[in-house]
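Chain nomenclature is as follows: A, B, C and D, assigned in order of appearance, with residue numbering initiated at 1 for each chain independently.
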Amino acid sequence: MELIYTPQQQDFRMEIRDWLREHVPTDKLASFDTAEGFAAHREWEKTLASGNWGMVTWPEAYGGRGCDLIEWLIFEEEYYRAGAPLRVNQNGIFLLGPTLMEYGTPAQKERFISAMASGQEMWAQGWSEPGAGSDMAAIRCRADRDGDDFIINGQKIWSTRAVFADWVFGLFRSDPSSSRHHGLSFILVPLNAPGVTVRPIPQLNGLPGFAEIFFDDVRVSAENLIGGEGEGWSIAMSTAGFERGLMLRSPARFQQASKKLVELYRERRNDILDLSIEDAVVKCYMDAEAYALSTYQTASRLQQGAKIGPESSCNKIYWSELDIKIHETALSLLGAHAEVEQSDAPDQSVVSAWLDGFLFSQSGPIYAGTNEIQRNIIAERLLGLPRR
Amino acid sequence: MELIYTPQQQDFRMEIRDWLREHVPTDKLASFDTAEGFAAHREWEKTLASGNWGMVTWPEAYGGRGCDLIEWLIFEEEYYRAGAPLRVNQNGIFLLGPTLMEYGTPAQKERFISAMASGQEMWAQGWSEPGAGSDMAAIRCRADRDGDDFIINGQKIWSTRAVFADWVFGLFRSDPSSSRHHGLSFILVPLNAPGVTVRPIPQLNGLPGFAEIFFDDVRVSAENLIGGEGEGWSIAMSTAGFERGLMLRSPARFQQASKKLVELYRERRNDILDLSIEDAVVKCYMDAEAYALSTYQTASRLQQGAKIGPESSCNKIYWSELDIKIHETALSLLGAHAEVEQSDAPDQSVVSAWLDGFLFSQSGPIYAGTNEIQRNIIAERLLGLPRR
Amino acid sequence: MDFTFNEEQYFFQQTLKDFLTDNVTPASIRRRWDSDDGFDQDAWRSLCELGTSATQIPEDCGGLGLRFDDIIMMIQACGQAALPEPLVEHSFIAAPLLAQLHASQPSERVADILAAMASGEAMVLTASMINPYVNFAHSATHVLLQFGDDLHLIDSKDCTLTHVTSVDRSRRLAEVKCQPNGTTCLTNGRLGSELWQATLNRGALANAAQLLGLAETLVQMAVKHASDREQFGKPVGVNQAVKHLLADCAVKIEFAKPVVYRAAYTLAVAPNRADWAVSHAKVSATEAAQLAARHCIQVFGAMGYTWECDVHIWAKRVWALANEWGDVGFHKNRIHEWLVQPKALLGPEFTFGRRNIRDVEHID
Amino acid sequence: MDFTFNEEQYFFQQTLKDFLTDNVTPASIRRRWDSDDGFDQDAWRSLCELGTSATQIPEDCGGLGLRFDDIIMMIQACGQAALPEPLVEHSFIAAPLLAQLHASQPSERVADILAAMASGEAMVLTASMINPYVNFAHSATHVLLQFGDDLHLIDSKDCTLTHVTSVDRSRRLAEVKCQPNGTTCLTNGRLGSELWQATLNRGALANAAQLLGLAETLVQMAVKHASDREQFGKPVGVNQAVKHLLADCAVKIEFAKPVVYRAAYTLAVAPNRADWAVSHAKVSATEAAQLAARHCIQVFGAMGYTWECDVHIWAKRVWALANEWGDVGFHKNRIHEWLVQPKALLGPEFTFGRRNIRDVEHID
């Protein structure tokens, strides 16, 4: 155990810090759930890529820097410290990217990873279907083999970023006689293909953060099949592991939010506040730090060859509840002003950011497997309680 | 709605207050889970009965005063205000008493209720069996009909007060071919009958608050059968309704405890305390009062002819969690002294009382149907969610 | 001692509830969101015709002269329906403020405005210093303005409004600026102070009752969804985790109700001694409603996070009303201040206050 | 940057764990409860022979000279087993206090007592002003007494003990009174103050690590019970409610672990800058253990409430250790005081402190 960065790691931090200081846009970009904001965030991805900061853990050949996980954490810390824009391509870089790295052919890696890292192609995910939310194996969307192509028919829902993205990845039933998690294939589909219709679904804040995608005889090349036909389930599970696991919500995000919460608290602590507010502020700061420490521990273990296990379900519960707690506490501090989404007041951007963050935090315990499902997983796989 | 006591109710309050002032023992009695304490509490029951205060809601013919539920609440308020001893015969007066009142024959009422109200006979309850805790219908203890008698064989467990009590009431399987909640009978058994063995079970504080009871060819008269043979389940459910419902934990108990908590807090609030303590103290006081208000509301409704429904499950959860919260908060206020059970310190009796109350509070979410089971009942019967 | 409502009180509630069920649907609320002023004139007119605006107005001014505990369940019904129009603000906050003034210091001017409020001719809202914004100020004919202890009645055309956007699209908030002067002043000093104190309590309790109603509807919606929606071949509501999420809400709601009703009674019979009861109600109802919003969204899953699903109509109202007329911190602090006073009368015998107990030794 | 333990550290833990599993069973703990002094001499001797008492003692005094992060998992193992003997107090609190003194101000007297501690010949306990009682003072040969900033080494036969009964029968508490004087004083002033500050932190962290271990065993016991015990024809553990009770404990434990380990590292490398890390550890581990105690009793049902069931051996230890070496309030307040300082270095880049960051502009 040595909880100190090496000189190389410290140099690396300073390199990012300097680069971000020069490149992070001074004005906050519009939400990437608007057309304008999406375009601005796409530009930002390209800027990041121009400095080879698109995805630092990837090999240099794919536009990365071959960093290890500790360096990735340092990158994230500096990224949030700098207030840099959210990553519009997180479906690509955090979910599909690692999947391709593990299961993609050299040609697929060449084709897709570079375009992802360079900010050229933005990705949506296509897991859920109407009637199959938490029950991901109940997939009915079909991909029928036709020579070197698949013909896709059906519907996906809750597809994040699909409104403005270029591609979607997801699971499709390639064996029509199969059921549940058998006979599924992991396929990449361009959203501009003939037969694809995207219907935006506005979320709590009114912006179309996800969409329904309708596939009507959509023809895609079998070159877009990841792994073998019918192997989609296990590949998707590994992707979902990434999602729940280390990379989806880097601790720096919550540390930065809890730092801002402490600052807000310092400003307002002489007002009449909820009697529980001191406790809540302390708890939020502690918990954000605990999440960071836990991630460093996991990263250290993985660097020594360990694998992520069911403890990743603990992560999902922890950060999603922490995120709600941080934002609830901030709204308590804002009192009667907390409900205001827009106004001409000088500090409105602070209020709006907390309110929007609060709305977004509501989705945390739901997506990427509800927290109820995570608790089942923890009880059964981590603790060993009987399934039924 | 008129939330003010009538002059008669105010007179009644003053009458109790005066009587209790004269009669409540100045020294705290030893725990009724000791032989000495049980005897002292039995004496106290007799003293209460001598003033016709044994169970004020019962008809005068049975030693009561024919009071309504509001008067009962007033009685309880004064009782806890006076710091009078806990009711050692609560199984009798709060559970069996109302059951006999509804299902007993005139002879049974005559025989048992008066002896109960007069403090002559103390009661234990016999619901659970080994292997049938929350699953009360899995009863195997047999009562085989033999002419005018039943022959009882089997075992009961978690029988509160059974170590020193005179009688036990419970459910027995009178139809050997029956299963689950069919074929059960509600029978009263004297604990001094030949063939009865009582094995004390010490609880968290080391005292035998409950017991196992072994029945080995115990012969009891069929006169001790309450209701019809095989009707035990529905009678017991009604008794359990009383238990969960209005009378088991009168609000005054928690109001008195939360008052003491506020006093402890006032003494210690200049110390370094948990940041959440102010909030917890306020919450405990509010919740105890809310429980009182809810009980007055229910009592008013019942006086107008309504019946207790599944909302009694809400009560059970509410008071048991409140009780834990009150005592946890008190222990927080006591800090490093909280763990001391005995010492020669002058304020030790205060510490001991909080500690013992804390230990006892641990049982609240478990007995009379665990809080998990109560939540199922609320979800299914009060809210109407599907059973399976 | 009787803690039940009478038939008449239930009848008032049911009449309003029936009207709201038929007329204020999620679809009609969304139509208001898309309109400029967010206000449905027809609904407002019907609500006034129903007599709701007259309930708190004295009989000699053309009203029904009901007590606050008579109408508390009507406010709850407004919450259940998530009614956008400021009926609560007009009928149950502004009207009793003027009625209380009229009782202490009768005047023709106040009698006239009360009569106009009863008929719906005037729409009066309250600008208390505890709230930074007034909801639907642009639809009002008059504003009752707090200025220190002063109470001013100001024609709305003399007000300057600065609009802000609430997270709850049903609410149309504005900062209200105007020039109070001698002619606009209705009263001041000790009476003014008392009136505003009672108004803060009525406002807080009115929000508490609405929050209770909002919570009830949220749980109902979640129960219906969990009974209908299937996952893994069964309704999601068979899962114990889902059951317990909603059972926890039910417990909070059940125990917030009597607290809200007790506060309504206290406001009716002893408006100057209602602080504790009202703050208790606001805290309990807010916590119940916030839990219901959270758990209801959770039960709905991804759908609960969408604009299309009606859950957020209720959830956002919860988040907004929680902080109006004093947030939870304000109200908890009032209770805390009282509890730490050595002269506070605590204990089981004081549930309904000292006037019920003859031999109180301490005087507060 | 490496947040893992090495093989040697795992080996130390495993060795102790194996010994405790074989020798400190619930039955043997109950035998101690029934004995006068509550102390198992054989177990103590074996633990010393195992080298546990020597781990924190400098090599030049016959010890192993290990760091606090080397032995933190051994303390956790003591918690897992609910070990009654004061191994933690002797080996991991008193010994490093003297070792730290010896490093700053070497003396033969301290070297001798350290050597005697390593061999188990002496048993030394700490009487810090933050704790009202000393556990197992009657079994000690010496007591390290805090008197202001002074550090005194006092022969136990010069101490007067007033015994009190703990809720946890494994603990044998006494108030310790004695007359410190010039000859008993080992050091004072600034060094004394630093030593006691570091000792408070070691004590708090040692309790945190034990609480973590206690929590782990409680959850294991509950899992086993829920898997074995049948109700309604199925193991009770198939119920989602039971699963989620225990899953919530697991989450708390998983996230308390790295916090405890980080604090151990900080105490090892920068004992004077460890307040924040230690307080964080004490709060997190206490909350995890208290939840585990509550939920474990709940899962056991009525059995969990009995003296016969072993759950309370662990649960009562949790309730006792929670308040020793500073209760949750003390530690939360330390964190709060730090957070409100404008110069506190907050934010993601400061997880491991400022010495890791080159361009810190503020100085604390």
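Just so it is clear, a contact is a pair of C-beta atoms (placed from the backbone, for glycine too) under 8 Å apart; a residue touches a chain by one contact, two chains touch by 3 or more.
Treat the numbers as computed from the prediction; the structure is a model and nothing was measured.
Enquirer: Which chain has its C-alpha centre farthest away from the C-alpha centre of chain B?
Expert: Result for max centroid distance from chain B is chain A.
Enquirer: I want to compare two interfaces, A-D and B-D. Which one has more contacting C-beta pairs?
Expert: Greater number of contacting C-beta pairs: A-D.
Enquirer: So how far apart, in whole Å, are chain A and chain C when each is placed at the average of its C-alpha atoms?
Expert: For chain A versus chain C, the centre distance works out to 40 Å.
Enquirer: Mind checking the centre-to-centre distance between chain A and chain B? Centres are C-alpha means, answer in whole Å.
Expert: It comes to 53 Å between the two C-alpha centres.
Enquirer: Name the residues of chain C that each touch 2 or more other chains.
Expert: 239-242, 244, 332, 336
Enquirer: Among all residues of chain A, which ones touch two or more of the remaining chains?
Expert: 274-275, 278-279, 282, 372, 375, in rising order.
Enquirer: Flag every residue of chain D that touches chain B in the complex, lowest number first.
Expert: Within the complex, chain D touches chain B at residues 130-133, 162-168, 171, 173, 230-232, 239, 241-242, 294, 297-298, 301-302, 304-308, 312, 319-320, 323-324, 327-330, 332-333, 336.
Enquirer: Taking the complex as given, what residues does chain D use to touch chain C?
Expert: Interface residues on the chain D side: 239-241, 244.
Enquirer: In their shared complex, at which residues does chain D touch chain A?
Expert: For this pair, the touching residues of chain D are 1-6, 9, 69, 219, 223, 226-227, 234-235, 237-238, 240, 242-244, 246-248, 250-251, 254-259, 261-262, 265-266, 280, 283-284, 332, 335-336, 339-340, 342, 346-349, 351-352, 355-359.
Enquirer: For chain B, which residues are in contact with chain D within the complex?
Expert: 128, 131-135, 138, 157-158, 201-204, 206, 210, 272-275, 277, 324, 331-332, 335-345, 355, 358-359, 362-363, 365-367, 370-372, 375
Enquirer: Could you please specify the touching residues of chain B with respect to chain C in the complex?
Expert: These residues of chain B touch chain C: 1-6, 9-10, 13-14, 17, 70, 76-78, 80-81, 251-252, 255-256, 258-259, 262-263, 265-266, 269, 278-279, 281-282, 285-287, 289-294, 296-297, 299-301, 304, 311, 314, 317-318, 372, 374-376, 378-380, 382-388.
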